[in-house]
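What follows is a pair of complexes built around chain A, which joins chain B in one and chain C in the other.
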Partner chain A sequence: MTQLALRGVPLDRARVLRLLQDYGVYAGVLALLLANVLLTPHFVSAENFRTQAVQVAPVIIVALGMALAIGSEGVDLSVGSVMALSTSLISLYLGYGPVAAILVAVLGGMLVGLANGSLIAFIGVQPIVATLALMVACRGLANVFLPQLKDVRDPTMASLGSGSVLGIPYLVLIAVALALLVAFTVKRTTFGRQLLAIGDSRPAAQLAGLPVRRVLVVVYVVSGALAAIAGVLATARLTASDPTSLGTLMELSAITAVVVGGTPLSGGRVRIGGTVAGAVLIQLLTATLIKHDLPPSWTQIAQAVVIVAAVYAARERGRR
Partner chain B sequence: MKPTVRLRRNTDRRTSAPTLLTAGLCLSLALATGCAKSEDDPSDAKDTGKAAADAGQEVAEPSGDQKTCDLTAFGGKKLDLKGATVGFSQSEKEANPFRIAETASIKAEAKERGIKLLTANAQSQFSKQISDVQDLIAKGADVLVIAPLNSDGWGPVLRTAAQKKIPIVTIDRKINAEPCKDYVSFIGSDFVEQGRRAADRMIEATGGKGEVAILLGAPGNNVTTERTKGFKDRIAEKAPDLKVVFEQTGEFAREKGQQVTEQLIQSKPDITGIYAENDEMGLGAVNALKGAGKKAGDVRIVTIDGTRGAVQGIVDGWIHGVVESNPRFGPLAFETLDAFTKGEKVGQDIVIKDTEYTEDNAESEIGKAY
Partner chain C sequence: MSTQMKSPVLDASLPEEEPLGARRGERLTALAQQHGALVALLLTVLIASVSFEAFPTSDNLGNMAVGSTFLAIVALGMTFVIVTGGIDLSVGSTFALGGVLAAWGSQYGTLVALLLPLAVCGLIGLVNGLLIAKSRLAPFIVTLAAMLLARGILLAVTDEGSTTYLVEERSFLATLGEESLLGVSLLVWITAVLFVLGALALRRSRFGQYVYAVGGNEDAASLMGAPVARTKIAVYTLSGLCAGLAGALNAAYLMSGVTILGVGMELDAIAAVVIGGTLLTGGFGFISGTLAGVLLLQVIKNIINQIGSLDSSYQQVVSGAFLAVVVVAQTWLGRKRRML
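And then the complex of A and B:
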């Protein structure tokens, strides 16, 4: 009897932790939703859910790219600055029409991604260092292009930021579409498999003859493009280009979403659903604290608790 | 072992091509802006020339009992400001209207007086500002104008300046040091008073009844605490029926102001007024209200700063009042230094008079906004 119980306890604990890591973030989102439905006045309204979804959309888009970078055992710190670069490019090229401006902005993001990827894949710079360099460079470049906030009056941009189809804002539709696309890529394509193999063990992938460099470059190009798209959407929503403050600390929000979503920092595994849920969890947490008018420092503490919990669950798992 | 070696050699061989590629890409990105074409901007035709000159600062109350400072008390020697070198240390990069107008005003005044001006910008890094000021002293600045990033931590620099008897005027923020010994005078706005005046506008706009929200500035900033204190004190004193029901930071940025206001109008749809501690957050709040389908005037907004965008907001009917925080320190700073170096008495605390923009004067005075 006692022996059975003893053997049973650690097993159960392992299972609980495993479940916690795999589904903890969803449980967290559900728990927060439930608490808000019970405690927050005016929470259950379409308008409110739309607000939360619109606010979280850029974070989700950036986090998708971050999830890929982290899955390849890297990280992309330049995403926030790429958003700033993209917003300044939009403002600079809006004279050619919104489509051209958006293309230039996304192209700019991809170029930054190409620089990141080249540094990492060919020259062998650590991802954290390479993307840190680009993070500083891009913020500076964005400020050179556009030294101060500038209003965006283009009607197409404005409708991109605030328009909707059947009550669902464009921003949310775009974020969902991109999430599905990235999830499909990771799960079902050769590229996705190669990415995970490289994240698991780069030397092994190289020995197996996988196109390591190409995959790595593509990962960072995609991450740059996604960040630039997020920058475009944030600009459209704000109807202004603000390269000094747009995207500041976005890299940390994105990493938080990815880590909380259960993607290990050691690479080799990417959880897109978890990443989206992670971003939603942080958004709901922030919204709850703001709606109840609690001091902003509480939000940071609450976020820290969530991150530590997520990392704790991941650590226990990694040991087994 | 062998494979690893081979792999490494592989990477080495390929190094130069990608480096060139990367450099080329960065260059092309930079060149790409050469053919940039931005949106036509009707408000860009800022005829700030004459209007700006009109909006120079005035001293609020030159009352007699104010503490003053002169050369004998400070211990310096007379000099003619005309032939002197003035060093100006700016705290934050000129990326927001306030800093842009502040630096421009200092530069314009120096040019007008034909004074040699050395400038430095600390880019929001306090350690850089300290070394900036040391550099300015080393480069031979006879007098200094400093827009401090922080109030504390100035000890070592001030000692260096004091040894050389360099008069210092600080603008917009104060330094925690002994006036007339470590520095000559402080010229700036009274942020508590700005908060009080914003409260007056809010009371007028709401009739003294209802619920208001505060969009706070960046946490831990004296501007935030003082603008909050003045507002709350005046509300408590004059309109006890006006309740502050919501206080969240928008970090002085438009995007944060918009996000927080969106949460606010979801959870408190009956909010009467919003007090934004700077114009940018107020404009973010306007965005949020528009997005929620509200109409101009549904929620009364009062902001502080007096930037062009916010004053335009009054003209459009979205913003009820803007309390100005005048950034044009040039004329007053040089006037003070000129008087001081001639041996005259100057005030230790020079509080400037800030105007207000309301529905009555917004249209006619918009040229003065920065």
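And then the complex of A and C:
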């Protein structure tokens, strides 16, 4: 009898829902790929795959930091502005050589992250508000540093943006390396464990003696650094610095990738593989709509619907 | 939202024997929270009037008043949302959508020009509210999606942003943007009336009390029998309506539905509300503070323009820094209050 009852379990609604939450994003990517292979002309070409991968790389990098912030039961809205800040810093400091410029840009992102993290961890400001303030201020700062679009003419930056090894662009390699690094950190290090514990229940983590404040600050510093790296790579690809428009709505794309990938907004769980797949899913969706000549308006509407659907599907987990 | 633990021991000991000094301190912090924005506004205006000759002229003041009406109306709706402990990031897009729909609708008469933006933006707000209250999704992500949705609809209506509809010259909407009463623009009068109504609704009506109750403690409000879901749906619908109306009035002022407006406006609105003393954790806030916050942002913008050598992007830096300072001060005041 018990055997029978148990056999009935796999089909019940909660189980199916959980499977959908955990693996739905991979299924979605596969389905979209399959549909495109069958329906879209010229989809199966190395050139197309390379373009898609290069376009999605900065989103993946930003989404990695966002996944950590969301895993700690926070959010980082300042990432798009940090990208803009990083692109204007690159332009300003390119005179000292590309390496110095990149270092300054990443350092700038880390400083913004430090400000975010300090506001959240030490003063106790809500993450949404703290990062919102930095988001406004950083976009302004980026425009103050570099008032208009400027070309970036530098051989190192150009090769970083368009060079490749064995046909795989540097941008994609960097994104994959960073994803592996962050995944390892979350799964296998003390810091990752502490982060998840804090995201699960901050009071409990505090009582257990975990260094809550330090971990939170590090999370936002890492998120700022990753956003700055994404800004550097985007600048290298475009061979221009555009602080007004670079990274606008990036926070939305990153949050979408994280949420679609099955990381709950309530914290305590981080899925890096899902996040990467989520970013790829959104990219493929946009590309599909564009390749079939649907205007950007419909792309945006579709993206909005996908976000709400993903959050709706994920909401049950929060209550479990 | 808040993850901080409230100590029941401390709360329980509050009503009994309080030292006099503590009560005075509490009153002072409450005063600072309620009127801080107003004091800052008055000081800034005073300094600006002394420093810049062009600042205290009636032309400049009139322009500032008209210029701040649109943000003021959006921030009015946002205040209700934030007092319930939520947030509405879609207002910038619905504001732009409202303007485009009003301009497009003006060719079919005034009624369409005013009702169409209100209906569409109110509907977007209603959907936000339903998803947040009934499906219990996080407000910021739902309204973030709504922001994309509204921008998408706007692009679809305007042939991907390439068409700018003009407001019919002789329509009532055009008069609304141009005429003035007793030397003050009609737009300012409308905003003033809306703020009086908003303040009455929040402080003196049953709905307003529900808004405070839901923001203060949702579970307690629910146990008390307050209609939590209905209140939430109402505030998001209200916020959508306000943004749509502000957009329509802005179209009347500019005589066209400009498609690129409203980007980042949600941040200004939130900044104004927070500067005005409303707590983002919910349950505490004032309509009057929001007005002071909007005017303060407008005066800062004007001063930066007066200086001339400063780029307009400095305004973003200043408002961002200002927002951070206010939030830190609020958190600090709030903590002090809880400790007393």
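We adopt the following convention: the second predicted complex is superposed on the first by the 305 of 320 C-alpha atoms of A that agree within 3 Å, B and C clash if a C-alpha of one lies under 4 Å from a C-alpha of the other, contacts with A are read in each partner's own complex, and residues count from 1 in each chain.
What we mean here is this: a contact is a pair of C-beta atoms (placed from the backbone, for glycine too) under 8 Å apart; a residue touches a chain by one contact, two chains touch by 3 or more.
Worth saying up front: this structure is predicted, and the values here are computed from it rather than measured.
Peer 1: Could you tell me whether chain B and chain C fit or clash when both sit on chain A in the superposition?
Peer 2: With chain A as the common anchor, chain B and chain C collide in the superposed model.
Peer 1: May I ask you to decide whether A:40 touches chain B, chain C, both, or neither, giving the answer as first, second, both or neither?
Peer 2: In the superposition, A:40 touches chain B alone.
Peer 1: Taking the superposition as given, does A:123 touch the first partner, chain B, the second, chain C, both, or neither?
Peer 2: It touches chain B and chain C both.
Peer 1: Looking at the overlay, does A:246 come into contact with chain B only (first), chain C only (second), both, or neither?
Peer 2: first
Peer 1: Quick one: classify A:73 as touching chain B (first), chain C (second), both or neither.
Peer 2: second
Peer 1: Could you say whether A:296 touches chain B, chain C, both of them, or neither, answering first, second, both or neither?
Peer 2: So A:296 meets both chain B and chain C here.
Peer 1: Determine, under the contact definition given at the top, whether A:141 touches first (chain B), second (chain C), both, or neither.
Peer 2: In the superposition, A:141 touches chain B and chain C alike.
Peer 1: Under the stated touch criterion, which partner chain does A:133 make contact with: chain B (first), chain C (second), both, or neither?
Peer 2: second
Peer 1: Check whether A:203 is in contact with chain B, with chain C, with both or with neither, and answer first, second, both or neither.
Peer 2: A:203 contacts both chain B and chain C.
Peer 1: Hey, is it chain B or chain C that touches more of chain A?
Peer 2: Tallying touched residues of chain A, the top partner is B.
Peer 1: So, A:149: does it touch chain B (first), chain C (second), both, or neither?
Peer 2: A:149 sits against chain B, while chain C stays out of touch.
Peer 1: Which segment, 109-117, 145-153 or 307-315, is the chain B region that clashes with chain C in the superposed model?
Peer 2: 145-153
Peer 1: Enumerate the residues of chain A that count as touching chain B in its complex and touching chain C in the other.
Peer 2: In the superposed arrangement, which is not itself an observed complex, chain A uses residues 119, 123-124, 137, 141, 143, 147, 203, 296-297 for both chain B and chain C.
Peer 1: Okay, in this complex, where on chain A does chain B touch?
Peer 2: Of all residues in chain A, those touching chain B are 40-43, 45, 47-48, 51, 54-55, 91-96, 104, 108, 111-112, 114-115, 118-119, 122-124, 137, 141, 143, 145, 147-154, 162, 203, 206-207, 234, 237-240, 242-246, 287, 290-291, 293, 296-297.
Peer 1: Once bound in the complex, which stretches of chain B touch chain A?
Peer 2: Against chain A, the touching part of chain B is residues 3-4, 7, 11, 14-15, 17-19, 21-22, 25-26, 28-30, 32-33, 36-41, 43, 93-97, 100, 219, 245-249, 251, 253-256, 258-260, 262-264, 266-269, 280, 284, 287, 290-292, 309.
Peer 1: Which residues of chain A touch chain C in their complex?
Peer 2: 73, 75, 119, 123-126, 128-130, 132-144, 147, 202-203, 248-249, 252, 255, 259, 265, 295-301, 303-305, 307-308, 311-312, 315
Peer 1: Across the complex, what residues on chain C touch chain A?
Peer 2: 1-5, 87, 131, 135-138, 140-142, 144-149, 151-156, 160, 263-264, 267, 270-271, 274, 280-281, 311, 313-321, 323-324, 327-328, 331-332, 335
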